[in-house]
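Following are the structures in question.
Shared between the two complexes below is chain A, which pairs with chain B and chain C, respectively.
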Partner chain A sequence: MSVTGILRRALIVIPFTLLISGCYDRLDMEEASFSLVLGLDRDEQGNLIVYSSIPTFNQHAKKKTHEIVVSSISPREGRLKSDAYSVGSFQPRKLQVLVVSKALLLHKKEWDRYLDVFFRDGRNPVTSRVLVYDGKLNELFDYHPPDKPILPLQLLGMLESTDSRAETVVTTLQQLQRELLDKGQTPALPQFALDQELKLNRTALLDRDGRYAASLTSKEAMLLRLLQKNADKFRFTIPVPKHLVEEPGAANVLSFSADQTKTKIKVSRKGDKFRYDIYVHMPVNLTEILFPIDVVVEKAELEAACSAEIRKQLEALISKFQQKRLDPVGFGVYARAREYGYFKQVQDRWVDEFAKAEFNVKVNVVLADIGAIE
Partner chain B sequence: MKKYALNDITLLQYIMINFGMAVSFGFIELPAMMATEAGTDGWIPILIGGFVTMFASLVVIRLMQRFPEGTFFDMLAHYLGKWAGKTAALAFALYFLLYAYDGLIYTIRLIKGRLLPETPAFLIALMLMLPTYTIARNGLRIVGRYAEFAVMISLWIPFVYLYTLENLHPLYLLPVFKEGWKPILSAVPGTFFYYLGFVSSVILYPFLKHKKHASAGLVIANGITVLSYLFITLVCYMFLSPDEAKLIHQPSIYVLKSIELSFIEQVEGLFIAFYAFIFSLSWIPPLYFTVFCTSWMMGKQEHRPHLRVIVILFAVSTYFYLPTYDELENISQLLGVSGIAVEYLFPGIMLVFLWIYVRLRKGRNWT
Partner chain C sequence: MRITSWFGRKKYAHTSKPKPYVASPIAASEPISDQLEHNLLHLGQLFTDTPDLNIRHIPLRDTGELAALVYIEGLTDKNAINNNVINPLLHRADGSSLSSITVGRITKLRDWAPITSAILKGSSILFIDGQPDAFMLGTEGWPQRAIEDPQMETSLKGAHQGFVESIEQNIALIRRYLPHRELKIRNHQVGRRGDSRVGVMYLADVAHPEVLREMEERIDRIDIDVIINTGELVELIEDNPFSPFPQFMLTERPDTAASQVAQGRIVVLVDRSPSVIVGPSTFTSFFQSVDDYSTRWSIATFIRLLRFFAFFVAISLPAFYIAITSYHFELIPVKLLLTIGEYRGSVPFSPFIEAVFMEITLEMMREAGVRLPAPVGQTVGIVGGIVIGQAIVQAGLISNIMVIVVAFTAIASFILPNYDLVAGVRLIRFLMMIAASLFGLFGIVVSLMVLTGHLIALESLGTPFGSPFAPLRLSEWKDTFVRAPLWKMTKRPHSTRAVQSTRQGDNQPEGDGK
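Entry: the complex of A and B
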């Protein structure tokens, strides 16, 4: 190609490249206000209040975050209103945590419609963690302890460490949507509160309509995760029967950690009654014993005692679910997979059907390791 | 007689053109569409539709084997006269034009919806049309090489779905045949739309270097299409709860949104941007076929003037008019119906017709 040919081409190409710039909605970091935590609450009249926490990168700002509170009819409208207060362009796209107040979950009908914006607007994130806050959200967004990182980091850190011990569930927006829409399951969300300091030690259970129904303690949440089969490492501290404790007055408590826990759930049906056979195999390592016992000699008794205790706790948890008409484990998913014809008839009142179901729990604890001392 | 030998394509290029044309946006749309029709059994109609398509594409090859050195239009011109060939060329030109337009508008809608909502559609169209022209103007071999390239650099896509593994619930797939065979069978015709493109063999066949592998090539192309569809539908149905699968548009993208990597955000954005390569196969080869048909019709060797007109028309038209999502659906439906006619029925009819015609003519010669 001749030099003039190249020049002629360049003359055509260069104006094009200048004219065609694709990013009309380009946004520089400095000009954006990223809302990392979004809070949804209701006031006494039942109106929606939208909270957001925005980190400020400006070195002249004394406080590290900027909190915005607006009252609005929808989260999206809240975003527009928030934009008026924020320094930069208000952006929800990096949202890390969505905090929903317990009051909203209890009293606001169809609050889950507020989540629509995350799914309809294709650029919104759907992996933001959803947490339930037990209290008024203004306390939370006014909470700036000098010795803690900013709110989103606190919440995420807390959630991660609690999750690593399987003491609560981790639910993203996407998972919440799935659980809300699955007729064979009810949703579960981590629940935290502000009591001098933030603490995450509950798990909120929502009913079929997405309303708050009950809470689980950390221990119960562990068993829930065990039944959900999405964790396999657990730390238990449980009481053992008094007769195993030879020394009078000693605490009848031992602790163990369990790895590679295996749960099997089988479903069958007799007439209009479902029956679940749950088998848990749990190899454990003893980590603490508060009473004198010869572990080697009394291995079988100890294993039996631990199995019985875990089984008792599991049965108590399941009957709690049944009483409250909640199925956070997703037993309905098993019913659908194995007994589809019948499940289809009852799927719209599955939780009632679940409440009638019969459960047969078997736990097999095996002492894999007794620790470094006798 | 070998007038197409100069621009011949390899078997792999042949496979990739066919695979790319078929798979393009089916990968994004098919799971949701099958979920509404057949629930979590939606992967079975895909399999059945795939087998029907394999059969239909073999019919096309049978047809082309009657006249291996020329395109379908040459064949018609040879047997039935010049005007039969020209009519067919015009019909195919219109069909491929519709095919390309549908693919292009779908891509623009998706990019606009997910990546660049505030960028005007005509700019996106312009950005897509520039490379289209540079590729299509160079003839079939370059189109074939481009198809190869586009598929090769998209091979990472199945692997990125591995990150969703922890969120999959195989129990959702059970039981198979939830509602029996009826919804499954009634969903089969809906899959045909997503297999369209194999009729391009009526043009590609004479260009093919090793013609005896043509059938195998089409079966392989179709097989990869079926596998990709199966893969994505199964992933989506294990990820979404059964009733949810009917609600989510473009579940293939929704599933990717669950991925969290420490070094990149919004993996689905990257996916859409890269997937544009595969999307482009739904309009670059058809556009080439369109201008091939029109220039054949006019008896011209050079296809570039026509290509320029069409490319500019496409880009300019989006400035004045961009179909909304439901108008796009109507276009797709039109393409679907004409596709079933042109790709599934027409070659078979032609095959029978030519067979009878040749018999009759031979008979007449004898008497």
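Entry: the complex of A and C
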């Protein structure tokens, strides 16, 4: 048979063979109950409680979401149980946000095994954001303010706006998995709480075992992002030394925005001690000064003062990391890149090595723009 | 018969000889008699039940012989017969009677076959007693339409003359654009009963002789009663009759036809039909319109890109909607998902049923609009607009989003300049929808691949239909997705297989760019 003859036959046969296997995974959108927010919490006895929030597509329904709470031994079993409560077929395919309660992170050993289902089952998304909730998850899933959009949109919006100011980290499931597995790094997650309203102003740091260890404030998170080099737009409000303030009683505070920040991190080793040279170049635009000063005349002093303050804050943050044995920046990644052989030897106790490391921070603030009024 | 051969196409053999013309057996090649009575008797036998056959007896003034003028009323020009034939024969005595006839064309005929055929085609025949020859007088004249704007292919800047139903006029319309002696026309007759005159027009020093021979052979092979319209001829000569895509372009614009001839293509005109065949055609030629060449090239390029975009939208948008909402809703951004979900939530049908229902409604409305007379046609618009646009959504039968999808698809298919291509697109759209409802995006991708493969495999007159994409000729992309400035297109397209490839010299205007 000629080649075209074979092709022609194949063209006829292929559609029919496809028909045999088709349709099996078809699920019309309106027949699915897709959970947009999934919550993992533990009760007093230490059992897993799975929360989910599902949008309801019924124009007659008053409430726009449907919340399901089940107690189960694993997230996958939770899904099966949730299916009993949901109107349509329960689907985590469009999961936007995974909320993990702080209590679970603190008390449950190896809680990260719960994430296994997201990576083992290909239908589950790995780009959902992971957030830490400081409190009981039932408060969160019962929170339906009339003046706000539904919970997933609220959380995503909050996360996006906070991220645009670099005031917290954004961690997807996949990224969290990587940070958990990477021996040269410890994970960081955005942390929010319900205090009358939802507020996202902390960043939770997890230790080597994935347990909750500490939280960062917005300002610290900004410096963390600066060290992580994954943001370059920052808004700082910092105090300056008193001697620059001529008028007594005035607040010694100024604000600036830094849009093209560059961070360089160099690692070297002396014996069994790592040494990091961190250089931050920061052209800034002044946006606010609360004391009288001739910026043009005292430019050099002002730059030096700002550099010193940022440096002080960076050093404080790093020593906090060292104290708590946390490496959310991933200094170990640098060590592995530059000092591979030695890192391999110490990688299992990297955080202790990190705690011993010496840091030398240099900050160079340059006044690029002093503002429009002068 | 093997099932595969049913899908196969017939290969045209180059060696085949055209079949000889077989006339009606009654008067094959019998010569006429020199006796007028015998001839009229024979004529009466040939033309029974032909009330419109007119026989006028005329005594010739100069010799006194009896003559008879035979013609069919309605097919002949009454004025010409009265003033140029009968009047001089009856009243003018100077010289011989024949030389007093003042029509342009007089041919001597001896056999009955050409005589009957000439009568039926509007000539009048003069029999003279005692003469062994009859005279065919060119007195054709039948009801004709005036030359009007083309109906299907309107243009903003192009000429406002469209082809009409007479081949002579159509040839004249093209000749006006190309008054060159290399513009040749070869006549063929198609149809045993219809006996249509089919003219193959080409530029002798540009068109490829092999392509021309292929076209002529295909026309000569046709053995059929009658061809009413050009579309019928196309179906008999195209390369792959099972394809939903047209492989010959049909146009009713003389300017389009002339520009295609000038590019080295061949134009086939069919008598009594107001559209002509252009071949060999390529896929891209269905995206070109005359206006492209008279608007600024940057704007024409933009419109070209719109058309290609519209082609894909018209083929796959409803299918895409089905695939996304039935299989892959995780691909929809979450806010859009919530919006779509809100509308879909109250619709009782699955997306596929919804889409098929709306698309069929659209196709019915379009078909209704085509067939209805203009004043009634407006009603279709109102009924369709109100019923489909509003009521169906308010009743909760169809979602808003689906209405938008259908409307967008319809507009996309209106952008495409060629009706035959759009017809193919409309059909394929449904196949795509079925594929999408069975296999989701996977089905769409596979369908698009099969479609691309099919388009590449198509041929038009033995030349590749996909040119210049497959086979790839980058230098000819100047008239595909983009319409390059005219002075850039110095070569004729390869797909025409023109033997003279240079189209123009260096015409780039002097200026900054040069």
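Some observations on this one:
What we mean here is this: the second predicted complex is superposed on the first by the 354 of 374 C-alpha atoms of A that agree within 3 Å, B and C clash if a C-alpha of one lies under 4 Å from a C-alpha of the other, contacts with A are read in each partner's own complex, and residues count from 1 in each chain.
Methods note: contacts are C-beta pairs under 8 Å (C-beta built on N, C-alpha and C of every residue); 3 or more make two chains touch, one makes a residue touch a chain.
Note that the coordinates shown come from a computational prediction; the quantities given were computed from them, not determined experimentally.
By the touch criterion stated above, A:44 is placed in contact with neither chain B nor chain C. In the superposition on chain A, A:334 makes contact with chain B only, while chain C stays out of contact range. In the superposed model, A:11 lies in contact with chain C only, and not with chain B. When the two structures are aligned on the shared chain, A:126 is found in touch with chain B, with no touch to chain C.
Once the two complexes are overlaid on the shared chain, A:32 sits against chain C while remaining clear of chain B. In the superposition on chain A, A:110 contacts neither chain B nor chain C.
Using the contact criterion defined above for the overlaid structures, shared-chain residue A:152 touches chain C, although it does not reach chain B. In the superposition on chain A, A:182 makes contact with chain B only, while chain C stays out of contact range. Of the residues of chain A, those at positions 22-23, 25, 94, 125 touch chain B in one of the two structures and chain C in the other.
Chain B makes touch with chain A in their complex at residues 113-114, 116-120, 123-124, 126-127, 130, 167, 169, 171-172, 174-175, 178, 240-244, 247-248, 253-254, 257-258, 260, 265-266.
Of all residues in chain C, only 3-4, 7-8, 325-327, 329-330, 334-335, 337-338, 340-342, 344-347, 350-351, 437-440, 443, 446, 450 touch chain A in the complex they form. The touching residues of chain A, when paired with chain C in their complex, are 5, 8-9, 11-12, 18-19, 22-23, 25-30, 32, 34, 36, 55-59, 93-94, 96, 125, 150, 152-153, 156. Across the complex, chain B is touched by residues 16, 20, 22-25, 94, 119, 122-123, 125-127, 172, 174-175, 177-179, 181-185, 333-334, 336-338, 340 of chain A.
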